[in-house]
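Shared chain: chain A. Partners: chain B in the first complex, chain C in the second.
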Partner chain A sequence: MLLRPKAHFGRSKRVLDLREAAMDVLSLVLSLLYQFGTSAAFFFLAAVGLVIILGMMNIINLAHGELMMIGAYTATLTYHAGVPFWLSVILSFFVAAAFGAVLELLIVRRFYGRELGALVVTWGVSLVLGQGTLLFFGPFLPSIGIPGGSFSYGVFSFSAYWLILSLISLLLIIGLWWLYNRTSYGLQAKATMQNAEMAKSLGVRTSRIYTLTFSLGAGLAGLSGALLAPTVTIAPFMGQQFVAPAFITVVVGGAANVIAGAVASSMVLAAVKTPIGMAFGAFSGTVALLLAALIIIRIMPNGLSAPLEKYFNRRAGRAMR
Partner chain B sequence: MRTFVGLISGGADIGRTRLFWISFGVVVLLFLLYPTQASAFRVSNVSFYLLNIPLGLGMALLWGYCGVLSFGHVAYFGVAGYTYGVIAGNMSGNPFGPLAGVAGGLLASMFVAGVFGYFVFYARVQKWIIPILTLVLTLLLETFLGQTAGYQWRVGSVLLGGYNGMTGIPWFQVGGFVFEGYSFYYLCLLLVLACYFGLRMLVNSNFGQVIVAIREDELRTELLGYDIRARQWVVFVLSAALAGLSGLLYVQWGNYITPSQVGLLQAALPVIWTAVGGTTSLLAVAISAFALNWITFTLSSQGNQYAMVIIGGLLVATMVFFPRGIVVMVAERLGRLMTRRAAPPRQP
Partner chain C sequence: MTKERENQPPRTDGRAQPDTSAIQRSDDSTPGIRRRDFMTGTAAAGPGAPVLPHIRSAKAQSSGPIKIGHIEDLSGNLAVYGVQKFHGAQLAVKEINEGKTLKGGPVASGGVGLMSNFAAAPPIMGRGDKDLKFVSDGGKLTGSGMAFVEDEDVLVDSGESGLLGRQVDLLAPDGQSSNNIWQQLTRKLIQEDEVDCLVAGFTSAEREAIRPIVDQHKQLYFYTNQYEGGVADSNTFCTGAIVEQQVIPVVDYMIRKFGPRVYTIAADYNFGQLTAAWTKAFAPLVGGEIIEEEFVPLSVSDFTTSIARIQAAKPDWVFTLLVGTNQSNYYPQASAAGLEYPMASTVNMAQGYEHRRFKAPSLNRMYNCVNYIEEIPTVRNRAFVKRWYEMFPDDPYIGQMAQNTYFSIHLYAKAVRLAGTTDQETVKRALESGLSIEAPEGAVFLEPSTHHCSHYIRLATADADHNVSFVREWPSIQPWWLQRVGVNLVRNKEYKQYIPDEDPFFTMFSKS
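So, the complex of A and B:
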């Protein structure tokens, strides 16, 4: 080692510099990808319960944020009671789903076919739930620490939990696709959505399908709320912070094919938000989201899912021929 | 003159009988005489109930008559209030500063509504998208105003103030005459009456009939040759101006405004007034706006935390059991009772 010539030394240093630069670039790219993936996952999780209910039942559920709050509260309360985190997440799905079923049977049921009426009544429900929680549980609950540690690569650090959330989003997409394309519930739900009268006369119990669908949407909202609970403050009005991203995702996605629309719009919105949020701060990122939503619906009034659905249909038609 | 009377008592609002107009006159008289009997504090409270009515009327026009629902009208309320605060605050000392503030506030809220309305109406979006996007707009405005604490957020000499809000907003004045206390009460009363009669004439005019037609069937109205996008846009901007008027009166009443005025809870209120009153009647919405403001103000000033739960529950109950509105329903019952009692003498 001592005999190594000087020239050699210089060259290896240059190589080292280059390698360091390459590593910097790589970690920047990785960090951007990570930011993009996690914010896409956030948009998808925030919106998933909402899009199921909208797409299948044409009901805008403004109590969505409060259903997420119910999920987060269930997870937090059970977690602090000693239940393992992942079990409490699953529990919050069922609690929110049960709540959704009650809500559908008591109130939402009367508003099918009256979109604006449904919007207003679910808003009333959300007010009662938010304020009721404040009175019942107080202004906040102790939070859950973010499970799973973080690791760093280069100068950037990554949270393992957010990577898990991105993975869960992917699993949810696959699961929903399977549910709606491969099960008899999915077939009946799609039939009910296309033509409720016809489905009814063919023996589909449409009112049960509606209850199940609303309950599924509510359960997914609760699940997302529980999953996002470690990353936010647990408070009665915590649902409000999900309202803007969730609804923008739904508006941009459109109602033609909700799952594809939600996936596409989560990615587009993440692509808008990540660079702008990184460069100018979180608030500018959110403003950019609203502007992007306005521009996208100005160009495509039926959202991103309308052209997607057309493409799928054309492909399906070609496959049939 | 005749067309004027015809416009006011046309078919587009409840209350067209002689008895109705007599009782309307009595109520207005009672309002005019109220300050002579009540303390300054109570008069100020009643001014507050009154000044919210234009916001409710704008909502009734937009939702009830035009069929477009907005959850974000408090955004225009807030924009007007903050703009007034900035302009009038910077021109303090100038006797016409508040007047400039009023003009600026109204223009600002109409401008924001105009830009927003262009995007949604000219894109012909589906009906459910407009309430969602207006809600997002108002949430964004609240977030923005909430983070404006500190000296870097200063417009001229006025601080925006973050979550503590803007304080020390000047009274309204024209020249040397300052509207405060009783004179402010009469200003509110006058503006509310002017808004009500103006809107009642509007909804009975040709324009009003076209917007009701748009509510009933957009496609058919368009095929009859009306540009529905432009008309919806005009109604949207007009209702934003009414919301702005309420915002202006609010900051002149309390001399302060906070970001929570454009928050979710506030955003719910105009929708609740309109739903509880009955979307198809301006008068019913005016009555319910007054009554519900009274109820919430009384409840919350007694430290009752259940105010929002009660109001939210009232909204749900109204939507489920009285979808046409409580005030409208009561008015119809009363009307039927009156005609039944009045009928026998006329019949024989």
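So, the complex of A and C:
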């Protein structure tokens, strides 16, 4: 009789141990999923403006980081002036889009079809913007605190804001898909990018389409810059950290179907980076990421979206039959 | 920068060989030859003699302004640090030209006492009844009290405008955060402008890029940054704090206060790697243990995975050696993810003022042993901060290296006055005469044999509202490691950087 409670205690402890171990494993799985979502969202947001400008318009836009910086600065300045954060994010879309339109009208439109010229001129623009921002606003702006709190499960804890960013990325994907597949602007834009002369002769105002598309790309860059602003340092050259991931994402995604490509490549890259980074550290994660990009481009020179597009087309063809 | 040691010039024994540099000289009549003549003269006079009158009369340029060359990054990614340092140099030059100097001289280090003991009733040796020696305790223990409530301002009149009756000019081109441009500018300042003194360098990469050029021309050079230590160079004077002054006190404190299990997350280049090596070597001495080291490439700006790794490892505290704009994202991201471990660092707060830039409580419980931080509450620092913001009202912060550049230029002026000439070899000898200077941080002593400085080190910490307070102070910590490996630049000329691998200290206490 005396031993009974003890035995009972022992068993419940064993159950407890098991439950704890299960919780540890579950917690690790959750953490990996969260890291995967975060990382994929980061790649997608870094690339979303460039998807339009490089993927569709074929402009090697080295000012991409500075467009994101403009978004982040707009959000930060308006936020500290008292505008609610979500409103300032929307505002920064329009500011960056307006800036993009001006940039297209004044400079970029002279370089269509001249890829290297566009590369050099956008690089110049990026230098002017970065250094100009340093002169006008100084080396740093005060940061925006990350909205949303954190919650934890097991040993790991998670930031709510990154989950929100993952959701916003999904919404952006759906929105872009709708824009390019269900609106007349989307149709005209695709026609213009495929064959401008033909589109023109069919009555599409191609120069307006170019301006709108570039402006949309710039606006999206600004939007993502503003969305990522709370998680980064607000500084004149902050955009440069996004340029390499953005280009890798877009190039790995390929031009056959830019939106599907960007989605696929951010997910593939995140799926490579997360487990290896978790097991061996950030350095190995970065190396694995670059290796994966290298291998994918070597095997699929047209990016992940080329086979995807082929698959979609075949299915569409079968459906038509 | 361990790889760059191959680029060192050959060792010389005091009398240099003809200068057959790959660099084209614009003018062959040249400081090189002139300096070489001096080298032999100086060697004959023996080291350490502070004033060498028979050399003073020689050919050092003695008319026109004294030129201080200054390279920092005024644009580009590192501008946040470079502009501060440039302003420090401007302030020092302005004060020299206005006839001011910082207290100090060849008198060894030491400031005024704050709390002090005095011998009210000292122990006395006497003889007792039976011819036995005894020691009387002299009554009550010694008296003790406040010697000075606070030390006074240390900026005093120098007795002349400028230096040796000459105006001091600052030549300060922009390094643009690019190592190539740094090399070009260094050549230009040395060969064309013939500067009397060069003050330059933020990253260790920049320093190692220009040091071979400095050595080729035997240019007197001040490197004013906090860095990983180990540079033993006859032409270079390193006035920033180094690892043994920063890492050891903070690691000791953290292990005692928070526990032995340490997770190091460091920037993946020479500074981060070498500082982490120091931490790993030292932690076992005070019962600590590095449970995991992670080196993060400078390009990484999303720290989700690193944060999860830290949580999985469950350390007692985290040693963060993160550098640059991208890597400072770690703090808000970790804070938003609910990571609440105490942190220690040698770079944050005092350089990039993260506690001012990031929303509280990102830097809560961050500990850093600094030789300077704007918040130091002494009278002399209040006066310094006031002078600074009167000249640069729009500056966001005065960082550690800005103060180092400021006092280094004043230190140069002191050495020139002592030498009575701007001839660079003579000034180097004067700098090796045991100079100390009353910097805004406190007394700084330039240790002659290693060309590094002792510093007044304070352990600064930020609370949940990012208020800075000081929990420990070490009025003078010596830069001892180069002495330990046997460097004596007064006797033997050297031009290299020592790394921890060359010293058994780094393995002798490790457990494995």
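One rule holds in what follows: the second predicted complex is superposed on the first by the 308 of 321 C-alpha atoms of A that agree within 3 Å, B and C clash if a C-alpha of one lies under 4 Å from a C-alpha of the other, contacts with A are read in each partner's own complex, and residues count from 1 in each chain.
Rule of thumb we're sticking to: contacts are C-beta pairs under 8 Å (C-beta built on N, C-alpha and C of every residue); 3 or more make two chains touch, one makes a residue touch a chain.
As the structure is a computational prediction, the values presented were derived from the model and not from experiment.
Considered on the superposed chain A, chain B and chain C are sterically incompatible, since they clash. Of the two partner chains placed around the shared chain by superposition, chain C is the only one that A:278 touches, whereas chain B remains out of contact. Once chain A of one complex is fitted onto chain A of the other, the partner contacts of A:195 are absent, as it touches neither chain B nor chain C.
Legend: residue contacts after superposition of the two complexes on their common chain; A:119 is shown touching chain B, with no touch to chain C.
With both structures placed on the common chain, the touch criterion links A:146 to chain C but leaves chain B unconnected. By the touch criterion defined above, A:286 lies against chain B and chain C together after alignment on the C-alpha atoms of chain A.
Touch criterion met: A:131 reaches chain B and chain C at once. Contact with chain C, but none with chain B, is seen for A:38 once the two complexes are overlaid on the shared chain. In the superposition on chain A, A:28 makes contact with chain C only, not with chain B.
Contacts of A:161 after superposition: chain C is touched, whereas chain B is not reached. Note on the superposed arrangement: chain C collides with the chain B stretch 148-156, while the other options among 58-66, 112-120, 130-138 or 148-156 stay free of clashes. In the superposition on chain A, the residues of chain A contacted by chain B and by chain C overlap at 131, 134, 237, 240, 244, 283, 286.
Across the interface of their complex, chain B is touched by residues 60, 107, 110-111, 115-117, 119-121, 123-128, 130-132, 134-135, 237, 240, 243-244, 247-248, 250-251, 255, 283, 286-287, 290, 293-295, 297-299, 301-302 of chain A. Contact residues of chain A toward chain C in the complex are 28, 31, 34-35, 38-39, 42, 131, 134, 138-140, 142-146, 148-152, 155-159, 161-162, 230-233, 235-238, 240-242, 244, 273-274, 277-278, 281-283, 285-286. Touching chain A in their complex are the following residues of chain B: 63, 67, 69, 71, 116, 119-120, 122-129, 131-133, 135-137, 139-140, 143-144, 147, 264-265, 268, 271-272, 275, 305-306, 308-309, 311-316, 319-320, 323.
For chain C in complex with chain A, the touching residues are 75-77, 79-80, 83, 268, 294-297, 299-306, 308-309, 311-312, 314, 325-326, 328-329, 332-333, 335-339, 356-359, 394, 396.
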